[in-house]
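In what follows, structures are represented as structure tokens.
Below, subunit A partners subunit B and then partners subunit C, in two separate complexes.
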Partner chain A sequence: MMELRIILLIVIGLIAIWFGWRVFRTDSMVRSAFSLLASMVAVGAMFLVMEAEFLGVLQIMMMGTEMSIMAIFMMMYMMDPGGLGEMDMTHQEKPSIIVAVIFGGISLAVILLTKWGDIIAEAPTPAQQNHDLGIEVMKRSMMIFESAGFSILTAMVAALATALIIHNNQIEKN
Partner chain B sequence: MSTILTWIAIGLLFAAGVYFVALLEQWSLQGYFDWAAPFNAFLRSFGQEEIRTRRYDTVFYEATPVIFIAVVLLAVAILPFARETVILDLGTAALFINAALVYIMVSLIMAGWSANGVYGMIGGWRAMAQLIAYSMAVVMAITAAVMRAESMAMTPIIQSQASLWNIFYQPVGFLLFYGAVMAIAFLPPFDLPTAEGELAGGAWAEFTGARKTLFRLGRLLLILTLSLAVTIFFLGGWLGPWLPGFVWTFIKTTLVAASFFWVGRYFPRIRHDHLLEWGWKYAVPAALFNILQVGIVLLL
Partner chain C sequence: MVLTVALIIGTILFGIGLYGALSQTNLVMIMMGVELMLGASMLNLVAFWRYLHPEVYSIQMFVLVVMTVMALEAAVGFAIGTQRFRSKGSVESEEAADLKG
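Here is the complex of A and B:
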């Protein structure tokens, strides 16, 4: 069972990497955004294989909306009907390769040098995981989550405020 | 043995439910019941010419109808028809149904964009605007139902309603969920993504034949699935006297599905900016009030 799970994890991981690579190999922003979505869904599926049900489902849910919103913003800036824009998805190739190598190396070092502890044979049930996560969010990590939420809200309000055209303290009506 | 029989009965009832929804859809457009119409439409689609637009995106165009129907089937799989009669018993089912239904919107965007047509593209992006309007109402209404059950699994959510159904326990949540669910299934008055008569079919405008049939079938399944979700979250699922659990589930589900079409007949199509305005200015505060009310009642 464990072997099967690891094989499945590797296969889904490779799918995630393949879609991640496709992001830069298409010629359209929308295809690129949805390739990223497919990659993220594959990561969500990896969580599900690792029996982290809540995280997996949350990842799949959030990314669906987020990547679509990203796609519409790209469309608004660049127009791309039917993917006929023939855009190049790569730019600043040398710096990006350098950055990718450095951060890839750092991530690899973190993965290899961290003491992960023993593999747990039996994961807690999904209900228990949800319960533990809830307690974590409401106790130790409450401050982090609250400040993150508040920062996002502030950013949203600030973005709206800068986007509105205001003359003489009045919002211009179209 | 009896489990197999129950599943066969559920399968037949589900198929009958899809037929019933197809009839209702026809009725909501024409005002009378045409009993043969769903079969005729189904058969006709196989004889229809497969029209493709110029320079469409092959992968998206072919994949979207399949994604649409697959997502709905995933959502059905986690909903229980009766006690211990569920295909996939997830611990986070209440979240999973949300996750699955987000991809209805993704599929509509892919459909609208890939066909390389104006109406389709507008329809597709409207689907997203609609999601932004209703998603908070859906999630927060479910949150309140989950709070009462103290679990995200479906069975405890239904069992928590044994003394009082959620429709009476949290009426505000029910109204929000009911409206939002109609918007998920883009039923009138929320049929912005397809908008017959305005966008000529919107996201589906360029689809014909087998692909269109998959979409239409998926839509019928979607309506039935969402009625089932309303039944489970707010109408006590299989709870009811005398009859077997799954019969109660189907009675409630079909009544909810019928009510969708009945309500839709009395409202004009909402404008998308009004929908967003109502979603954020009124539905979000109402949903927060609902959570507060449930929280207070639970603590008392």
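Here is the complex of A and C:
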């Protein structure tokens, strides 16, 4: 069972990495938005493999909507949404690659050199997990959960306030 | 072994996201890089929860908070992009030198 899980993790992980790489390597903006969607859905599938059913389904549903919205915004704001002009859309590419590789090397060393302790073979059943997560949300982490809700409200107000056109304290009607 | 595999995949995803966030010129592409990085960190958290502490649910709570951050980042980022596009006609970071303080 564990071997099957490792194989599934590797295969789905490679899919996630491949699509994550395609995001920055394609000229078409719609393609890059949907590559990110595929990458995020693969991450959600990895949650499912790791038996976090609630989080996996939540991830797939959230990313499905978020990336579709992102694709629309991409087409609105890109100079060249179809990628036909073959514009170069990168800057400081070499330093970015160096930073990413150095970061990857350091965290690889940390991953491989740390003794992570014993792997626990059995996870709680999905029903048990949902029950316990609900208890956690309503008891110990209630303040955190409420702050998350409040920050969503704040971000909604902030996003609207940023995006609206306001002249002399009056919202422009058009 | 299985934990290591999950963590390595998370690291590679984070590295790709870091590269994207640093190297892209368009605001929306930078946001995509940040989303990839946040996704990779969620992957790490879930792996730690599953294989080291399946009985601690504050880790799942943390994943929920990271998901909230992803949604908020997209909302506020697009709002800034909308305003910037309206006033300057582009969201390229190369053309945003006037934001320099």
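FYI, the second predicted complex is superposed on the first by the 140 of 174 C-alpha atoms of A that agree within 3 Å, B and C clash if a C-alpha of one lies under 4 Å from a C-alpha of the other, contacts with A are read in each partner's own complex, and residues count from 1 in each chain.
The rule is short, and it goes like this: a residue touches a chain if its C-beta (ideal position, glycine included) is under 8 Å from a C-beta of that chain, and two chains touch if they have at least 3 such contacts.
Computed from a prediction, not measured in an experiment: that's the story for all the values here.
Visitor: Looking at the combined model built on subunit A, do subunit B and subunit C fit side by side or clash?
Guide: fit
Visitor: Going by the contact rule set out at the top, does A:31 touch subunit B (first), subunit C (second), both, or neither?
Guide: It touches subunit B, and subunit C stays clear.
Visitor: Applying the touch criterion given at the start, work out whether A:93 contacts subunit B, subunit C, both or neither, answering first, second, both or neither.
Guide: second
Visitor: Is A:113 in contact with subunit B, with subunit C, with both, or with neither (first, second, both, neither)?
Guide: Touch status of A:113: no partner.
Visitor: Does the superposition put A:69 against subunit B (first), subunit C (second), both, or neither?
Guide: Touch partners of A:69: subunit B and subunit C.
Visitor: In the superposed arrangement, which partner chain does A:126 touch: subunit B (first), subunit C (second), both, or neither?
Guide: Touch partner of A:126: subunit B, not subunit C.
Visitor: Touch test for A:53: subunit B only (first), subunit C only (second), both, or neither?
Guide: So A:53 only meets subunit B here.
Visitor: Mind working out whether A:61 is in touch with subunit B, subunit C, both or neither, as first, second, both or neither?
Guide: Once the two structures are laid over each other on A, A:61 reaches subunit B alone.
Visitor: Which chain makes contact with more of the residues of subunit A, subunit B or else subunit C?
Guide: Comparing subunit B with subunit C, the partner touching more subunit A residues is C.
Visitor: What is the minimum C-alpha distance, in Å, between subunit B and subunit C after the two complexes are superposed on chain A?
Guide: 13
Visitor: After overlaying the two complexes on chain A, where does the subunit B footprint on subunit A coincide with the subunit C footprint?
Guide: 54, 58, 69, 129
Visitor: Contact residues on subunit A for subunit B in the complex?
Guide: It comes out as residues 28, 30-31, 34, 37, 53-54, 57-58, 60-61, 64-65, 67-69, 71-72, 75, 81-84, 125-127, 129-130.
Visitor: Using the touch definition up top, name the residues of subunit B that touch subunit A in the complex.
Guide: Checking each residue of subunit B against subunit A gives 53, 55-57, 60, 90-92, 95-96, 98-99, 102-103, 105-106, 109-110, 113-116, 121, 125, 128, 131-132, 135, 151-153.
Visitor: Which positions of subunit C touch subunit A when the two form their complex?
Guide: 1-9, 11-20, 22-29, 31-33, 35-36, 39-40, 42-43, 46-47, 49-55, 57-58, 60-61, 63-65, 67-68, 70-72, 74-76, 78-83, 85-86, 90-94
Visitor: Report the residues of subunit A in contact with subunit C in the complex, numbered from low to high.
Guide: For this pair, the touching residues of subunit A are 2, 5-6, 9-10, 13-14, 16-17, 20-21, 23-24, 29, 32-33, 36, 39-40, 43, 46-47, 50-52, 54-55, 58-59, 62, 66, 69-70, 73-74, 76-79, 89-93, 95-97, 99-101, 103-104, 107-108, 111-112, 116-117, 119-120, 122-124, 129, 132-133, 135-137, 140-141, 144-145, 148, 151-152, 155-156, 158-160, 162-163, 165.
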